[in-house]
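Every chain is named by a letter (A, B, C, D, E and F) in the order it is written, and numbering of its residues begins at 1.
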Amino acid sequence: MEKDRRDFLKLAGSVLGLGATAPAAALASTGGRPVQEEGTHWAMVVDTRKCQAKEGCTACTDACHLAHNVPKIPEEAHEVKWIWKEKYPQAFPNQVHPYIEDSLRDRNVPVLCNHCERPPCVRVCPTQATFKDEQGIVTIDMHRCIGCRYCIAACPYGSRSFNWKDPRPYLQDIQSDYPTRTKGVVEKCNFCEERLAKGQIPACVEACVTAECGALLFGDLSDPESEVSRLLRTTNTIRRKPNLGTAPSVFYIV
Amino acid sequence: MASRDTGRIVVGLVIFLVLASFPVWFSATQGRSDYRPELEYPAGETKCVESKEYMRTWHMDLLNQWRDSVVRKGVRTYTSDAHHTDYDMSLQNTCMKCHTNKANFCDRCHDYVGVSPKCWECHVEPRGAE
Amino acid sequence: MLEKALKGSPRYWTWISVLVLIIAAGFFAYWRQLNHGLEITGLNRDVTWGLYIAQFTFMVGVAASAVMVVLPYYLHNYKPFGRMVILGECLAISAVIMCMLFIFVDMGQPSRVINVIRFPSPNSLMFWDMMSLMGYLGLNVLISLVVFTSERNQVAPPHWIKPVIILSIPWAVSIHTVTAFLYSGLEARSFWLTAILVPRFLASAFASGPSLLIILSLLLRKFTKFDPGEEALKKLSLIVTYALSVNIFFVAVELFTGLYSDIPEHVHHFQYLFVGLEGKSGLAPAMWLSVSLSLLSLVLLYFPRLRENHKVLPFICGAIIVAVWIEKGLGLVVAGFIPNPLGHVTEYFPSSWETMVTIGVYGIGFLILTGLWKIALTVREEIDAL
Amino acid sequence: MTAILALGAILILILLAGFGSQVAGLQVVFGVAVPYAAIALFLGGLVFKVMSWARTPVPFRIPTTCGQQKTLDWIPSARFDNPHTTLGVIGRMALEVLFFRSLFRNTKVDIRPGGRIIHTPAKWLWAAALAFHYSFLVIFIRHLRFFTEPVPGFVKAIQSVDSFFEIGVPSIFLTSFLLLGALGFLLLRRLVSPQLRYISLANDYFPLFLLIAIGTTGVLMRHFQKTDIETIKAVAMGILSFSPVTAGGGALFTIHFFLVCVLFAVFPYSKLMHMAGVFMSPTRNMANTNRAKRHINPWNHPVAFRTYEEYEDDFRDKMKAAGIPVEKE
Amino acid sequence: MQVLADLLRKNEAALADRWLELILASYNPDTAGFFKQQKNRFANPVGQTFAEQTRVVTERLLAGEGIEAFQDPLHEIVRIRAIQEFTAAEAVGFVFLLKDAVRETLADSLRDEQAARELQAGLHELERRIDRIALLTFDIFVSCRERVYSLRLREIRAGYVQPG
Amino acid sequence: MAEHKPDQMEFYKQEELQQIDLNPPKEGWQDQPADFRPGSWIYPTKPKHLESLGMPNPREWSPADEDWQLPENWQEIIHKKFKELLGKYRSFRIFMDTCVRCGACADKCHFFIGGGDPKNMPVLRAELVRSIYRNDFTTVGKILGRACGGRKLTMDVIKEWFYYFYQCTECRRCSVFCPYGIDTAEITMMAREMLHELGLGVNWIMEPVANCHRTGNHLGIQPHGLKDTLEFFCEDIEDVTGIHIDPPINKKGAEVLFVTPSGDFLADPGTFTCMGYMMLFEEIGLDYTWSTYASEGGNFGLFTSADVMKKLNAKIYAEAKRLGVKYIIGGECGHMWRVLNQYMDTMNGPADFLDVPKSPITGTVFENSRSTKMIHITEFTADLIKHGKLKLDPKMNDHVRVTFHDSCNPARAMGLLEEPRYIINSVCNNFHEMPENTIREQTFCCGGGAGLGTDENMEMRLRGGMPRGTAVRHVQEKYDVNQLACVCAIDRATLVTVCDYWAPGVQVTGVHELVANAMVMKGQKERTMNLRLEPLPGAEEKEANDGES
């Protein structure tokens, strides 16, 4: 009984409260980007050299798309993808010049949502459907997303996809432990939040390990002893479009 | 002394009565008026997350609450008020583990009452349904 | 007062039935979009905003342009605009309603649009855009209702309406500024990331809005007994001239910064727009048309003889509207997405269904405009007859 | 005073139903006896009343003409306000029934001193009445989901349109709030305006309070004190398939159901009969072809009148003196 | 008189409204509601005429205008009351209600003795003028009645109507 | 009581100057009996008229006295008649059942607007009868009685009926605004029929009914009297136009029988309209005839009962058959046209001995009167003007600034709106409409219709005429209007008084007087006077400078 009344009052409250909360929050948000609070901060390191070694390998994409019921839509215009391979010059447009190393020019680099510390998509979402949880993962509340696609326009990495149509006909083997999406909502990599909750490593990392490639490494950045932190301290890594100040959590060893 | 247009009035009345009695003859023709959905309860299971009455009335709110908790707060375990066991807050992984056949359980009651929740546009029915 | 809109000449009723037909077609197309999803539009993964948001941006400009009639009349007591003000405000009302409808049809999940109100997020510009548009609609409805009824009663409008009118002037500028902020706040889209975008929006608005008003009032003069007043038309065309020249100047400034600094990120967008990128130049013809039209009309407008000639003026205004419609509509919106953040060039062309929905929304807008203007003009005739 | 009387009657009914729902024995009464009685009273009463109207003849064709009549072909006549064809009459009735044409006419045109015309809209009654009747119709159709098995498509369609904006679970229906808003206005208007308070009887307030009570209990049942609608449908289906099930819902449902039964029972004996009366009012449902087509009056008995012969007998000599031609010299 | 005139002019509208209310009280309360609420001069000529003319009379009274200035507004009011179901006293008596209205609008300033005494002279003068206006009203009332009778006589004489 | 000094408030509160009670009446309207103050009721019927018509309970009585000498079983008589009427009129039964008291008609009746008596609100006038119907003819009423608005039939109720049902001019304005078209005029007719069962009638109605029965017209003009009157009009016409007209009376074999209300033969502004008819017919050479036997278009039977209406109306068809005319033309009248348009054919038809009206001059066939075979004079004249058959000189009416009062019955029982306006616009250069909500189908009644136009009812008529008077005053002030045209004989009599009281300086005229003034007839002399023998303004100067030069 009270749950629903709370729901109802929230509606009334939000409408009435609109006046009060809006100016205060507006002041806070325009005063500078929300600072990343401490707690776990999942990050991923991608060793592009190892990935390059296994030519034409799509283990990570297949595993991820299978686990999360991501549809295989033929026409590229309405494609939905969470993680996929991109040429190096596309992934790192401002770190390329005509005379770069040949292997680098057509090296396939896995790209996915960077789960930025200061995500522009979260900033622009009019209903806070996409938001950054305490573990640093930028996730989407599929129940609240109104499909305005403002977040896709705001994402500098183009890692968000929109369901232009009902994905289900394009799903051969629907996993029953994870919901699919429906037409009209945005979706993207969620760092396998549901697997992390069960203590497993993300599907793509696990697939990369089973494919004896080991290009993907996943860990908690806030724990200095974690493998990821140690690797970052010892090897030179770069991030995509660092100049935009979004502070992505996916690092690339080139 | 009936007036000239009694005929037309009677026709009007008949149309009204036919429309008003729509549920009666519609259900009669469908022949399912005494049908009551008996839900196929999971074999071997005796207790649900909460009591039967509570679930019949509040399951949609419970699921809403689970959604907010999981998606928004990241809390994934729910301790039942009835018998204090913990459950994983997930429609597909918890509810659907026991109620493997959506058609014979959820849909029967939903169709009977004319409700068409949108949850199943995304959430996946258990494979047992095929 | 409503029944005034229900009595009209056969020509009025044919016009209404044409609009209703258009709206019906629009509904049918939107019904398909509701069922099949936005796949029936020409949008794709890289260009996620298209015809709808382009019309929205253009229409917010037209709505904001009402200030060009309200400000001189109420603040500077410019009497010749007397007959024009109520038409301007009604145009603003129907324009704002069209804007809201364009946003609504662009939604992936329209049934959840109330979430923007249930979960207010002041950090998002779209939230502020919705609030400002709703506020502007409310203001305009209130002002036009109060001022029009008191004018029809030949009674001075109540004193409390003056501050409300004063408020509506900055508010009109604000709705278009917020719309510009929608674009210019995104660091991912370098094409929009420029401060000049706001002034450019305003300038183009004050060029396209009044031209639409000029064309419509000339049409009215032909079909009904209403005469907007020679003086008013002259002044409006003057406003359009200045606004257009400022707009062209801003576009030139933008082009200079982009091209002279030659940063690939910026250049690509202009390249795609005007010469095409990787062999794809879908928008080039349109952009060249837009540029040439605006330049041509600027030149024509500088000759007073042409500006005041009621045969030529509508064509110039039409040219300006088309130019701004392309430049601020598809030109601006689509070019922001091409090339996409990963450098791919995916083109976008509106699909037939999408166009049908857009025309349907225009139908609704013009139906409301026809109704409001019909009431305004019929009652005005009554007052004059008194 | 009459308002308090009506309100009191409604409260008594609510208490009665509330009490009835608690006492086990009365379940049969409230779950079976009352609905059948109500339906019987409704259908029987309505048919009887309409047939009593139908049996009464319409002796004369007396349309109220609210526009120009059809005479000379170069004068355009008012097609719907003064119809001269059956199509025109159907149009006039449709405008009256679907859009409340006559209430829409109720504009207040004021002339302030100094001859200024002021149009103050008097459309509130029209708008509220239209809002109430249409939302009541939608709610009525929506409720078919409890009385039909399987639930037909159009009922589901209307439900999905009505709850298009998913607010809360189960999502709220717009028409329920529209209904309560309109009823609130209609009640307030009857209490505030001096003229209306003066002419209103208890049987004007009674249906208003009754509908408000039904609407409120309906909203409570859906959103707050949630009732088990599966058993309710069983009860409803049972009644209509004449094999009643006395499972019975909670107190709130019994009240809601009992009040609806009262509404049905009272219907043919109250002013609600305007539902049928509007179709049969002789001033609206006849074409103004008075002089073109003869209207037959079934009881047109002959009446003796003073014939010319008697008249001439009285004044023959005076007429002859005045030179006025006469029949008999 | 000047102090009183200024005081009254300050709340002239209240005075006129109060007087109108008292006049309308002589009708059935429900009808009084209609007379006050309906603003249309054609849908409510009685209420509107009373409202307009009482304001004119009050204004001219406070401006201290000559007696002939009251002829037209009072004629408008009395013309209506002369043919309504009022006795002569009721029809003309509404002018005396103005005294009550004045007293009531000045109620607070009359409360303390000292101010009351000051206003006493002005009040007495004002009430004498109201009485004078009442007498004028009576003349107008009689002229209206005579008009009605002359119309009746003319119809009878025209033979259109059978006598008796 | 302590002595109060003038400067104390209590001094003025000592004794109420006026009985002011600001709170609503304690008991409802049902318990306030009507008080019969002199001047608020119309003289009752004289016994001799009821006897001549064979109607029940003729006796000398007056509403002012306590005992109305009703038969002992008057309640039973009323109930029997009530039941009979419910059985004969579906309208009566539906109007009794379906009123929802929404108040849309409450402030639309000119008697309520002018007088302020709440029982003059149409909804309440109907409740007077509906409360009895509810109490005695509905099961719910029998049980709940007073609680659901029912009321016992007592002497006070009958008195109330007599008081209020002779304060309704049956103008049907309330029926326009009612969502179900409930027509208080219909209810008033039923109530008056019931009252006549007890002999409670009004002399101003029953005397004309008796006269019409006896002499063929309301005023009791005998055939030779009518001939003299018409010839007297022709002399005036000859003075004005120099054309001699012989009024054809009771002429057999004529093409058209012309019937007009007898008010046009006697009452002052009406006579000029009658002259207008004769000049028009003379001008177009119409083969028409008057009839002394059917010399009354009006029908006060409409305000008595259906049978009396039928009895008086039967004369017209009988006379048309005797004279062997082709069709009938009706003059300018209000309730006459309500009877002709809605009742005549049903009652005394079918008139198969007549032809479908066809204007001999323009050849137009009046399809709209295919069955009744009777057309309105304005329809006929409008058709003539449209086909240019009349030589008109509107400048003759330039000194006249006219406005048009839509007589209530032609407007709301026929829809005769455009024809008179077309004629006036053709014969008059300055024509101004009155405010929008006082004309066409929302027109206000003259306050003297349905048998209330008698002199003892003067105050009530002036109250009823106030809305129309205010509208006339408005156009008088705004456009300096000096003539009010209308298409009804009662209007031409009662509106003269209403205008004299509410808008002095405005004259009343019939439409055809304007037509005749503006007509340039063949062989007419230079017109120096209008039909009222008043010199035309132009003529005066001409005379003056004739005199000088």
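Note that a residue touches a chain if its C-beta (ideal position, glycine included) is under 8 Å from a C-beta of that chain, and two chains touch if they have at least 3 such contacts.
As the structure is a computational prediction, the values presented were derived from the model and not from experiment.
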item: Centre-most chain [mean C-alpha coordinates]; value: D
item: Reference chain E; chain at largest CA-centroid distance; value: A
item: Chain D and chain E, separation of their C-alpha mean positions in angstrom; value: 45
item: Whole-Å separation of chain centres (CA-atom averages), chain A against chain F; value: 86
item: Centroid spacing, where centroids are CA-atom means, of chain A and chain D in whole angstrom; value: 60
item: Where chain D and chain F are represented by their mean Cα positions, the distance between them in whole Å; value: 33
item: Per-residue overlap in chain A, given as positions that touch at least 2 other chains; value: 4, 7, 11
item: Where chain B touches two or more other chains, by residue; value: 3, 58, 61, 64, 118
item: Multi-chain contact residues (two or more partners), chain F; value: 24, 90, 106-107, 118, 435, 437, 474
item: For the chain A and chain C complex, residues of the former touching the latter; value: 10-11, 14-15, 17-18, 21-23, 25-26, 29, 76-80, 86, 89-91, 93-94, 111, 120, 123-129, 144-150, 152-158, 161-166, 183-186, 241, 244-246
item: For the chain D and chain B complex, residues of the former touching the latter; value: 43, 46-47, 50-51, 53-58, 144-152, 155-156, 159-160, 166, 169-170, 226-230, 233-234, 237-238, 240-241, 243, 276, 279-280, 296, 298-299
item: Of chain B, residues touching chain A in the complex; value: 58, 61, 64-65, 67, 71-72, 74, 76, 92-93, 96, 118, 121-127
item: Contact footprint of chain E on chain D as seen in their complex; value: 108-113, 118, 120, 193-195, 197-198
item: Interfacial residue positions of chain D with respect to chain C in the complex; value: 104-105, 107, 112, 115-119, 121, 123, 164-167
